[in-house]
Every structure is written in structure tokens, then in C-alpha cells.
Amino acid sequence: MSFEWIHVAYAALTLFIVINYGMIMTALVRKIGARVSGRYGIPIWQNYIDLAKNIALRSKVTHGAMFYLGPVFRLTGGVGLLLFVPTIYGSVMHQNFSYAGDLILALYFVFFGTLGMALGAGESGHPHAAIGVSRGLAQVTTAELPLALAVYALSLQYQTIDITEIVAAQQGSLFNWTLFTNPLATVAALFGLVGTMMRSPFDVVMAPQEIPIGPPTEYHSSYLALMQTNRVLFPVAKVVIFMNLFFGGATNWAEFAVKAFAIYMIPVLIGVVNPRFRVEQSIRFFLKWGLPVGILAIVTV
Amino acid sequence: MKDIDKSFKKDTETDFPLREEMRPRKVTTPDGQVIDIDPLQDYFCQEPPKVHRKSYSAIVEGFYNWARANSLWILGFGTGCGAIEMRPLMTPRFDAYRYGIQWRPTPRQSNLLVISGYLSVKTLKRAIRAYEQMPQPKYVVGLGSCTINGGMYWDSYNTIKKLDEYLPVDLYIAGCMPRPEALLAGLMDLKKLIRKGEAEGANRYAENFDWYKANQKSVIKDWDMPDYSW
Amino acid sequence: MFSFQPDRSQYPDIGPDGKFEIDLETGKFLKLWQGPNHPGITGNMSVELTVNGDEVVEGKTHVGYLHRGFEKLMERRTFIQVFPIVCRVCVPEPDFNEYCYAAAVEELAGIETPEKAKWIRALILEMGRFNSYMMSIGGIGGALGNGIVGQWLTYVRDLMLDRFEELTGARIYHMFILPGGVRAGLPEGFEGRMEEVLATAERYLDDTEKLLFTNAVFKKRTKGVGYIDPALFESYGVTGPNARAGGVAKDVRKDSPYLVYDQLDFDVPVEHDSDIWARATVRYRDLRVTIDLLRQILAKMPKTGEVMTSLPNVLHWKIPRGETYIKGESSRGEYGYYLVTDGSGYPRRVNVRGPSYTHAMALLEHLIPGTNIADVAALMVSLHTYPPEIER
Amino acid sequence: MRELIEHLTPRYSLGAPVFQRPGLTFVDVKRDKLRALLLDLRDKHGFTHLVLLTAVDWLEEGRFQLTYLLNNRAADQTLGLRLYLDRANPMGDTIHDIWPTAATYQRELREMFGIAFPGSPRVDEEFILEGWTDMPPYRRDFDTLAYSQQTFVERGGRETHEPRATMKHKLYPEG
């Protein structure tokens, strides 16, 4: 695919839509969670106000260059993940910068933000951040393992590492989705999705009751605003990959909205009813259940 | 009530001795380096807080104040018995989330410090630390009669009687203890203050820093604390 | 293939006195403060942890953040002036302070309480226990990351606070039980409205049982964690549900019945595992018993009768020299007041024996070493400690 | 209970018992006999539960009273042992090896009454107060109101109604 400057504008448009979608959707999800516990819940535009408030804060304490770069890396991870994956299949505008090897790049970007965060939080000097980072890296690494295996299984199955081609192969009928053609890989990848979404039972890294609140302890004002932006963008970007790989992709924004919401609700539903695992328990869980399913997925392709 | 013992004189002679771990010393690090450590130098924030100006444009400041008012993050620090009424505030019956009020576990991310009830001297020290860690602009709400004038504990040797001597208070909510409805009404009033741009307690604290510190030091003798939030 | 045993090669050496030799300057250890500004702590106290990796090697409880010097303040007040401040000693369950203080004064002054006042006192105490358990079970859910249980049960607690308000006029500090009886009888139609609250509570508890007590993750987090050897119960002064979770049916309501508990029909639930799971379960089952007791008390209560005896002129009330100890079974264990009088109009000494005093200090410090950092909050909540009664 | 006290009295030279109510007895003990008595009560007579350990300041008599409350759950008996210490130089014996939880009580007594318990773990560490330089606050000669007035700033306009004066004024306005 040849590069044209108009693609940058298109990608920015995609980014804009996805960020706003993420803002509204995460607020909606929090509202749903509040309704389960019997509350009315936050206003649907609360995320925007929080963001504006954090930017409006006057004091910004920094702990060094890496402390500043941490949220930047994290946001880069989110934006990169989104921009190198086709958001809407078949649309020229929202094809973004996807290219023949984007599957590998996407895998890299899923992890990239966490690493950036580790560097930044480590520099803040707060012991909670340091402990949170070491826990977070350990847990995310094992949670990614089934996801990586599922992706290998997929590239074996479709004989490609181009997400666009994988989506193309799933078009036509509901039963062409990877969900039905390779259910084992889907299950293995869902382990990865649930494990990296930072929701119960795998959210001990950010748990306020234990190590409050893990890596972002020292982040405030604009730094936190950057991370908040990423917090609404990154899950959606991750969900886009899953949508493309396993659920047939989206051919228009309406389909995107419905599918992304549905996939996002999987970890939310699991999270709302479960307490959280300890770090070593969740590692054990992924090695015991996620890993074999992932290996099985590769073997049975 | 027993009469006051006029002959009783507070011991003002004795100074609190510097603890062993607070004295300057030499330390060998794991990689063999010898470094000097003066804990009090390290632990104390020697730099006084800065006075932060408002935005130059009134419209921008107005928008910022609107955002600040509608996104109040409370530090989850229950300093006294008032903390027990903070919990119903965040649960189905009263649900303060509706108004953009949320809980935050770390002082770095919160804007509102609710002093929920009396402050013993020991807690005052932590409350000051938490307050100083919060980013500007920040607000303090005194909850309960005991923050106003000592309330029930007016003759106690261990609780402060007047919170605004030690921290710049924006608003008091009276009662022992104030009901959640009163808390909600108080927080709504605080929002109005913020929107009018009158809740500039942090700048007041920075301008009168020496006065506040002198007041704090007159009751807190032992300043030993870990140098991070807790 | 995989060994999931923790790597203890970096552990501190054990000194001659059997304790770890912890030298912070080696860099192997990290001091972590949990509290007082910490969502996982039960109220305003703090635990100073020394961690090695994810494991805690030493824990020290620090209290005193809530110290108001109650026992000193009481010595300055006349007997009747003490009564409004006693309830402030323990915030989530204040009624036990009122009852114990009132009963101690009555015993030393030789005042008889009317029969109906005893029933109302028992009713108030059980309502307080209900609230306290609601907070405790919600807290265990919250400490392990299931906030919904906390939300539900706090809502139910609010309903019970409405009944408190109806009966006493206040939500938290009721100041209802005073020496000589209680301030008033039951309002019209109280039983019916109480029954509504209890029915709602049972519905929410059914949901809680399904959500929390059958959850695999919850079981994994709590079973076998925070085990207290029942042989240590006596030496660490463990009472109440913490002891009942270890197979010792300690309950002052049964062991030395006070008020009207000898006329009520109830069983004390006992579990045997003595871990966090058992302590949560025993509280849950005891909450069911409490609901049943509330129904029984309302049904068996005499419908008519005095609720207050006439006191001597409280401004000149002097009580002869003597001392006594009154205890009751609060939701956390044995709650007691030790009152010494010296013949003057003021108490000579009041000492509050809060169950958290032993649970949160010596016992917690004994239990913490060897646990994971993530379990400290759950451990503390499962012991159900309220710091204000430790330092008063 | 009477039998037990009668049985123990000659061996430990106990004082005259006070039978406060069925199930609660107070008795005076001597300091040198205390430890043996506690062990005996715990191991032979079922008083396994240390309910509380506290002190009473008898300022006028120049002595501190230590109260050890022990409970025998099976027999539903509580026994309070009263031990008197000289107020000028109060020194108690630690019992933390009999009941580990007593260490906490002793720390509190050390801080709040200034009673020394040599050998008790962490007894000299601060327990409740922090940076306290005055006399131990639970002593009777410590005046909390005077201390508070000399330490803290008070807000003006507080009105105190002394109940006796108020009532007198209400009932007899002419005086």
C-alpha cells in the first residue's frame, strides 16, 4: 500500500472517533456496574470533565525525564496499537496504516505501554509504584502468553500475518468467524484479553486495597490526564484487534460500536462478580489453563 | 464538670529527643559506596509551596473552575469518626458519584481533603503531609463540630480545637456527626465556591506558609515520617 | 517442572532469639506503610510492613491516630455527663459502650432496671450487631476486590440506620441507653417496619451468599490464609467470632447471659478452619442468627411497662467506692467496661476493654509474618478490628 | 469461688476478697506472689483468659493499683487481682511470657501512667502518643483541660453551661 499524506488525516479522524467512543463507553460501563450495585452512577460525560479537571490542575511535580515519558509511552502504545490495525474493514478512511506484517507489530504494541509505564513509575520513587510494576510485568507477561500462542495459531490457520487478510477470510457468513473456525484459539486469546484488561480477578496490580494504586500512584494532573486518555483508548484498541482476529471485524462504525461493546463487556462481566486473585495465583491460573489451551490451539490447527 | 487545676503548668522545658534513626549518619550501600544521610534533610520538604496564579483569561479560568467543581476527587483518608458517614455517601442511598465526587486512594490524585472529625495530634501530622502532597488547587472540608471548636473533645489533651489554624479550610459542615444529607449539601456549597473561584485555600496556605508551619510546630513535636504518602 | 514455592534464598538470617535479623540498609527489604491513609486499612490505623519480595517478614501495628483521651475525659465528668461521650468510643457499634457503662453504674449505685428496658436494650444491641456485621462482610468483599457486596450491604445498613433513627432520633450516636433504663419505648408500628428491613436484608444476604461465598476466587483467596492456631486463643485473648471460627464456642451471650439472652432461643454458629474463610462464614451465619434474634426480641418483648427508673438528682449523684467489670458480646468479641468509683461525684477510672485491642495488636503482629502483601488487608478485615476502641 | 479463694489465701497471702456479684470477685495480692499465683490460676484453676490489665491512680493514697482481670469461661467466673505499687517509683513485673497479649497492655500503662515493666517487649516504644514530653496523661495530677488550653488555640465564642449553676439559676432566678 502506497503512502499518501491524506492517510494521516484519516488516521487522526479514526483516533478521534475511537477516543470519544472509548470515553462514552467506559462511562457507560461504569454506569452499568453502578446499577448492579444499586447506584445511579456517574454522568455519562464524567470522563470528559475528569480529563479537563486534570489538565486544569496547577501544580505538576516531576521526578525526572522517565517519569514524564511513562504516560507518553503508554499513550504511544495505545495510539500505535490502533493506528497499525485496520479499524473498519474495507474502508479506505479507517484502514489506518495497516500493512502486511501488522499482526506482529500489534502484539508488540500491546506490551509496549506496560513497559513504558514500568520505566516511568519506577522513577517516581514510590515503593507502591515499584512493587506494582514488578507485579504488573509478571502478571501481564503470563497473561500475554496464551494470546501470543493464539495469534500464532491464527497465522498458521490463515497462512498470513496481515490482519486485513485475516478479516477478509472471515467475511461472508457468521460461521466464517474464527470464533467458529478455531474456537480453541479464541478461548486462548480471551484469556489474554481478560488478563490484560486490569479488571477483577486480575487487577491486583492496581488494587486500591492492597498496594494503592500500583504503578500510577504518583501520577497527577497532566500526566494523569495522558494516562486517562490512554485508559479509554487502549482497551478499545485492544478490543479492535480481537474483533478483527476472532469476530469477523467491522465493516462500518455501527457494527464496530456493537461488537467492541460486546467484546469489552466480557472482561467487565467477569470482573464485576469476582474478587481478585493474588499475583502468583493469577500467574498460576494462566500457566495452568491459558497456556495448555494456547498450545492445543496451535497443535489442532 | 471538674474545675480546672490552675496550678497545672504544661511542661515546656523538655524537648523531644531526636531518635536514633533521625540522626545524621554514614551508610554503606549494597554496592560498597559510603554515603552520608541526614534524614531530616531528606524527609523535610524544605521548599515552601508556590503560589500558583490563575489563568490569564477569565473564560478559561471559568471553564477550569467548572471542571474542578464537577470532578471532586476525595482523598480516602478517614481521620476521625466522621469517616463512617462517608461510606453511605458513596453507596446506593446517597450516591455522591452522581455529582462527580469520587474516592481516590492516593493524595497525588485527589483534590479534596475531608477532615472527617476530630484530629488527634498524631493524625494531624499525617493530614498535613497528605495535604501538602495533593496537587493545587486543593480544598479542605472540615466535617463535624470537633473540627470547628473541639466539639465533644474541647478539653482533650490530644485533639486540636480549631482546624483552620493548621490547614486552610474552605468549608465546615457542622454536626456530631453530620448526616450524609448535610455532607451532600456541604459539598454542593463547596462546588459553588469553586465555581465562583473563591476556593483558593492552596494559595492562602502558600502565602501564609510560615504562619501555618509555626502553628503546626507548636503542637507537633516529633516530625519523623516516611517520605512518601501513606 | 514448575516450582511455585516462593524463593527464600534472599531471606534474612534467623538470629539467636529466633527472629529475623532485618537490616534495611542491605537493600533486600522494603518498609511499606499500610495506613492510616490507605483504603485497605480498617479505619485510622497503620501497619508498618517489612517486605521481602511479595512476602511480609515483619509487621508492626501503629495505633493512636484516634486517641482522644476518653478515659481521662470521663474522670472530669459527672456520672451523667459521661453518658453522652461513651458512645463515641467505638464508632460503628456505639451501643455497647452505652450498655456497659450504664450497667456498670447501675451495679455500683444499686439501681434496678425495668424489665422492658432490658428488652429494648437487647434490641438496640442486636441492631448494632446487625450493622456491624453488615460492614464487616461488605469489608471482606471490598478488601478482596468485590466492591458490589460492600455497596449492597451498606445499603441494607442504611435501612437499619433508619430504624435506629426512628427509635432513638440519631443515625450513628444514639445516646439511648442511659443509667436507669432507656430513653423511650418503641414507636407505633415499629415491628412492622423492622420486619420489612429484615426481609430486605435476607434478600440481599441470599444474593451475597451466591456472589461471594460460592465464588471460587473468593475461596482461593481465603481458605487456608491467615490461620490462627486455636491453641493460641487464650494467650492472645481471642474472643468472639474470631474464636468461634476456630471451633471455640466463646460467646458471652451464652457463657454468662446478660440482659434477656437467657430467655431467647438461639445457637452460636461455629466453624473449625480458623482461617479468613471461616471467620467470614461464621460472621455471615451469626448475622442470620442476629436477624432471627431481632424477630424473637420483638415478638417476646412485654408490650407495656416502664422503661426508665427514677434516678437520684444527677447533679449531686455520688456513688460509693467500689469497682466492677461489665461485659457483653459485641460483634467483634468480648466488650467490657471496668469502672472504679471513689465515693465522689466523678468516676475514678473507666477502662474500656475493646476486643480489637488484643486482635489488632499482638495477634495481628503475630499473624502477619509470612503472608503476602495482598493478603494483609483481607487478614485485617477478617479480624474485624475497629481502631477507635484500641486507643479510645 | 469462695472455696477457691479460701484455698489460695494461705499460700499466696491474699487480702480480703470482695464479692462484687456472683461471677465477679476482687482480691488484693502481693507483688512477689503475683507471678506464681497467675501461673497457678491459669494452669490449675482454668483462669486462662486475661480479660484486661489496667491501672488506677490513687493519688491521695500515693499508690497505683494494677488490676489483672482473669476469666474462667467454663465456670463463668471473673477474678480481679489488685496489686498496689508505690506511686513515686512505680515498677511492675512483666507477664508477657504468660499472656503475650499483656505486652500491649504494659506498653499502654508505661506510656499512660509511667509504670515501668522491665523486660516487656517494645515497652519503651511509643504506643498511642507521639512526641509526648509532658507527664503521663492518665495520672490524676495531669489536668487535661489546663494542658489543652495551654497548647491549642481555641475558637472564641464558646459558651459553657455548668449544669449545677444553670439549674440553680433556672430554679431560683432570684438567687
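We call the chains A, B, C and D, going by the order they appear; numbering starts again at 1 in every chain.
Here is the rule we use: a residue touches a chain if its C-beta (ideal position, glycine included) is under 8 Å from a C-beta of that chain, and two chains touch if they have at least 3 such contacts.
This structure is a prediction, so every number in the text was calculated from the model and none was measured.
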Using the touch definition from the top, list the chains contacting both subunit A and subunit B.
C
Chain pair, B-C or B-D, that carries the greater number of C-beta contacts
B-C
Taking each chain's centre as the mean of its CA atoms, which one is most distant from subunit C?
A
Distance between chain centroids, defined by C-alpha means - subunit B, subunit C (Å):
28
Can you check how far apart subunit B and subunit D are, centre to centre, with Cα atoms defining each centre and the answer in Å?
35
How big is the gap, in whole Å, between where the Cα atoms of subunit C centre and where those of subunit D centre?
22
Counting in whole Å, what is the centre-to-centre distance of subunit A and subunit C, each centre being its mean C-alpha position?
43
Which subunit A residues reach two or more other chains?
37-39, 127-128, 208, 212
Interface hub residues of subunit C, defined as touching at least two other chains
31, 38-39, 64, 67, 69, 72-73, 75-76, 78, 81, 151-152, 155
Residues of subunit D engaged with two or more neighbouring chains:
128-130, 137, 142, 144-145, 163
By the document's touch definition, which label belongs to this structure's chain graph: line, ring, star, complete, or other?
other
Listing of all chain pairs that touch each other, if any do:
A-B, A-C, B-C, B-D, C-D
Could you list, by residue number, the parts of subunit C that touch subunit D in their complex?
63-64, 67, 69, 71-73, 75-76, 78, 81, 107, 234-237, 239, 250, 255-256, 315, 322-325, 327, 334, 336, 338, 340, 348-349, 351, 353, 357-358, 361-363, 366, 391
Could you please specify the touching residues of subunit C with respect to subunit A in the complex?
2, 4, 6, 30-32, 38-40, 51, 54, 141-148, 151-152, 155, 211-212, 215, 217-218, 220-221, 372-377
Considering only the defined contacts, which subunit A positions touch subunit B in the complex?
34, 37-43, 46, 49-50, 52-53, 56-61, 125-128, 208, 212-213, 216-221, 224
In the complex of these two chains, what residues of subunit B are touching subunit D?
1, 4-6, 8-11, 14-16, 121-122, 125, 148-150, 154-158, 160-162, 165, 215, 218-222
If you look only at subunit B, which of its residues touch subunit C in the complex?
1-2, 27-30, 75-81, 83-85, 87-88, 91-93, 103, 105, 107, 118, 120, 122-123, 126, 130, 152-153, 155-159, 176-177, 179, 226, 229-230
